[in-house]
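Beneath this line is the structure, given in structure tokens, with notes to follow.
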Amino acid sequence: RRIMRPDDANVAGNVHGGTILKMIEEAGAIISTRHCNSQAGEPCVAALARVERTDFLSPVCIGEVANVSAEITYTSRHSVEVQVNVMSENILTGAKKVTNKATLWYVPLSLKNVNKVLEVPPIQYARQEQEDEGKKRYEEQKLDRLETKQRNGDVIFPVINPEPHTVGYSQSSLIHLVGPSDCTLLGFVHGGVTMKLMDEVAGIVAARHCKTNIVTASVDAINFHEKIKKGSVITISGRMTFTSNKSMEIEVFVDADPFVDDSRERYRAVSAFFTYVSLSKDGKPLPVPQLLTETEDEKRRFEEGKGRYLQTKAKRQAQMQQAAQQ
Amino acid sequence: RRIMRPDDANVAGNVHGGTILKMIEEAGAIISTRHCNSQAGEPCVAALARVERTDFLSPVCIGEVANVSAEITYTSRHSVEVQVNVMSENILTGAKKVTNKATLWYVPLSLKNVNKVLEVPPIQYARQEQEDEGKKRYEEQKLDRLETKQRNGDVIFPVINPEPHTVGYSQSSLIHLVGPSDCTLLGFVHGGVTMKLMDEVAGIVAARHCKTNIVTASVDAINFHEKIKKGSVITISGRMTFTSNKSMEIEVFVDADPFVDDSRERYRAVSAFFTYVSLSKDGKPLPVPQLLTETEDEKRRFEEGKGRYLQTKAKRQAQMQQAAQQ
Amino acid sequence: RRIMRPDDANVAGNVHGGTILKMIEEAGAIISTRHCNSQAGEPCVAALARVERTDFLSPVCIGEVANVSAEITYTSRHSVEVQVNVMSENILTGAKKVTNKATLWYVPLSLKNVNKVLEVPPIQYARQEQEDEGKKRYEEQKLDRLETKQRNGDVIFPVINPEPHTVGYSQSSLIHLVGPSDCTLLGFVHGGVTMKLMDEVAGIVAARHCKTNIVTASVDAINFHEKIKKGSVITISGRMTFTSNKSMEIEVFVDADPFVDDSRERYRAVSAFFTYVSLSKDGKPLPVPQLLTETEDEKRRFEEGKGRYLQTKAKRQAQMQQAAQQ
């Protein structure tokens, strides 16, 4: 449990999605590290491998208390699935509401040899179905991780004098030198720190495009293929890929440059899609100016984004119908 | 000297008591580490062993400057007593007022071997009485530390659907992964970091109970029996033990789980009582809803809290009478 | 690129000059460390040796995005000159303005042996003039660094019951324990961290003197002669040296006490002059109360400050005339 403090908030008073993502990951890292060390054997630290798609159901405001709870829901031989729930509580009224539900996958790395993945102590399931469903989720995410690993990395180039509402107009990037307070005991960046920076860049892109107050609506699945070492410089870049009437999709890349280490080149560490919405001063969704696509690549990415948007929309409607029928 | 910044403040603009406690401890750690290294010999770091009861005489507001001064007032063979004073200064009016007076005890630990307590260079006293009074304080705190070491640790369990104003309704806990920036050169958590987190939890408990703006009024003596190592997870839990007409007493526990270290179980590292008051928007004390006790344990703790409350009240009245007679 | 957050701002909403200085230094450290590691050889970290005089052309406000860009403009055998530009962008209006232009000098230190200065890979110049001008700047700063190294260190003593507007009335100091998050990979304090603390002290001195909202107007050249090691205690002290009608000059000293290291005494690590202006609520410059000098030393320092003030003023007028003629 944590009090949301003023420095975690954007100008209009909501808590940045990135702060919530960081809290979620901290909770996941703690519960899975604790579990993986629960049996005698080599000490280890759980490293984030993947976060499933996350929806931000309602914004958390300053002065509210965020309740984070976490549960281990599945274990494979080498990985742990954690379910994290975030509830926000208005202390003055006592009102609570669900803010986020997130699913994270962790892998235990040996404290003595960071390249060694240890075995995970198995959990007990109340019913056989739980294990079967967990196994299905495990196989699905494994497949998706393999696929995205091969996706080729794109680079964002600066544009001179871009027109408003084009991709070049709102694209943004920031650099960050990885310090000790960003890192785990193994000397690698916490997944939550990376996600917070990614949300920061995505937020700047969204704000530049629509020039209003914006909030994170959802984050697509994020895979952490490559560890980022202390002392690296990371470049986080974002560009808008798609707009619907009331939402913006932003693609974010994280590139790591371990420049004090001779043996490695700059590499793409993480990439993800963030969806943002624009809000009026009283918190109502506003229409979003349409993204102007210019190049063939931009048009292709817009269509791909539209595909993801329609797929998510269809899935949500199916869930609502299912819920209505029950 | 430090400027109090917006992120150190609660919603109504006062500076959190926990931030003041952290500043006090930083000052104490610096002056005692400097003193213990003032003679040739093994280099060492002073570790916090105990903080005496501290009253928050007046709240510090944002934009005010806090002046922290520290003085070594007694040395035993293996420990240092430091007196820290905090004054707040309104830069615009120049008005100053005493905010806190705190007494802390430190023990020098060798930088080469953390389990080795070194000898403290003796200080010179202006008068023999000063040494005698210091020795009396030293014996008293030693006795109290021994006593509280044996006090058995309690655990706070969650309550399903608690009624307002019961103990279960406001009890709270947070977890924190101990990172490098929380630690001293020896890799153990700064006492001030622990106290800041304790105050944060106590503040949430108090706010949940009375649903108003609240501030720290005092902290009872805190003993630091056990060091907490980098990489541990600490759980800070708080529950209300007693309410008077205008104050709330909250008991806070700190449990450490050094889960990457095979050789140790989860242990109780620190516990303490915080007293909070409820304030109206113009800073006047408000009546506090009475705590509803349900179990025998809760009723017993309420009576014990009442005992501490009456004892403190009597002590304060005796001091005021003494002051009036002088 | 970074969003300025509420905790980086002073009460009236502008971003502290110190935060800008820290961002500038981070950008400089990243680009020069990357450059010095661009050829096979010993890995190294670029350490800040000097910052040239910097003017704060316009304040950055909360909610604005600061764009920091950096370029290597000259390399000598053992040092790198970096030009950093800061632009602030109002996301809602899209308006951009130049906030700072800074020139920094870095020296590559070996990661394996911190006392070994490595060679810098040479850069290519578009025109011979660029190299010649760079060489001239290199020689000038080298001379200035040599000169200031010999300048004898002054100490600031507390004054009992000082009168308003005297030097003793506003002088201030703060202490800071150097933690891991303040340090580079080599375990020495980032130059940007030191500059941020220096600006904090200078701001307190300025606010105490004129009791209004104040902002950093410029910082004179700062030379970093001595590294400051993790675990040291640093004392940052500031005193006013000169006032013009609308500006205040504050001298700031940084003294390091490596007290867990037997072999070293407390030493003067850095010193610099900061210029502040006083602003009304709508951001207009206010007249500043004249500094009352009492001792011979204070009068001498006032005259020296006046010399620096007049020199800067003459230089700026010459530049404006030159610009008008072009």
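For reference, chains read A, B and C in written order, and residue numbers begin at 1 within each chain.
Everything that follows uses one rule, which is that a contact is a pair of C-beta atoms (placed from the backbone, for glycine too) under 8 Å apart; a residue touches a chain by one contact, two chains touch by 3 or more.
Protein identities per chain, from UniProt: A, B, C = palmitoyl-CoA hydrolase.
Everything quoted here is computed from the prediction, not taken from an experiment.
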Given over half shared residue numbers means same and under half means different, the chain A (palmitoyl-CoA hydrolase)/chain C (palmitoyl-CoA hydrolase) interface is different
Superposing the Cα trace of chain A (palmitoyl-CoA hydrolase) on that of its twin chain B (palmitoyl-CoA hydrolase) calls for a rotation in degrees, to the nearest 5, of 120
Averaging C-alpha coordinates per chain, one finds the centres of chain A (palmitoyl-CoA hydrolase) and chain C (palmitoyl-CoA hydrolase) separated by a number of Å equal to 37
Touching two or more other chains in chain A (palmitoyl-CoA hydrolase) are residues 6-7, 180-181
Chain B (palmitoyl-CoA hydrolase) partner, complex, touching residues on chain A (palmitoyl-CoA hydrolase) are 1-3, 5-7, 26-27, 29-30, 33-34, 37-38, 40, 43-45, 62-63, 65, 91-94, 111, 180-181, 183, 185
The chain C (palmitoyl-CoA hydrolase) residues in contact with chain B (palmitoyl-CoA hydrolase) across the complex are 6-7, 9, 11, 164, 172-175, 177, 179-181, 200-201, 203-204, 207-208, 211-212, 230-231, 233, 257, 259-262
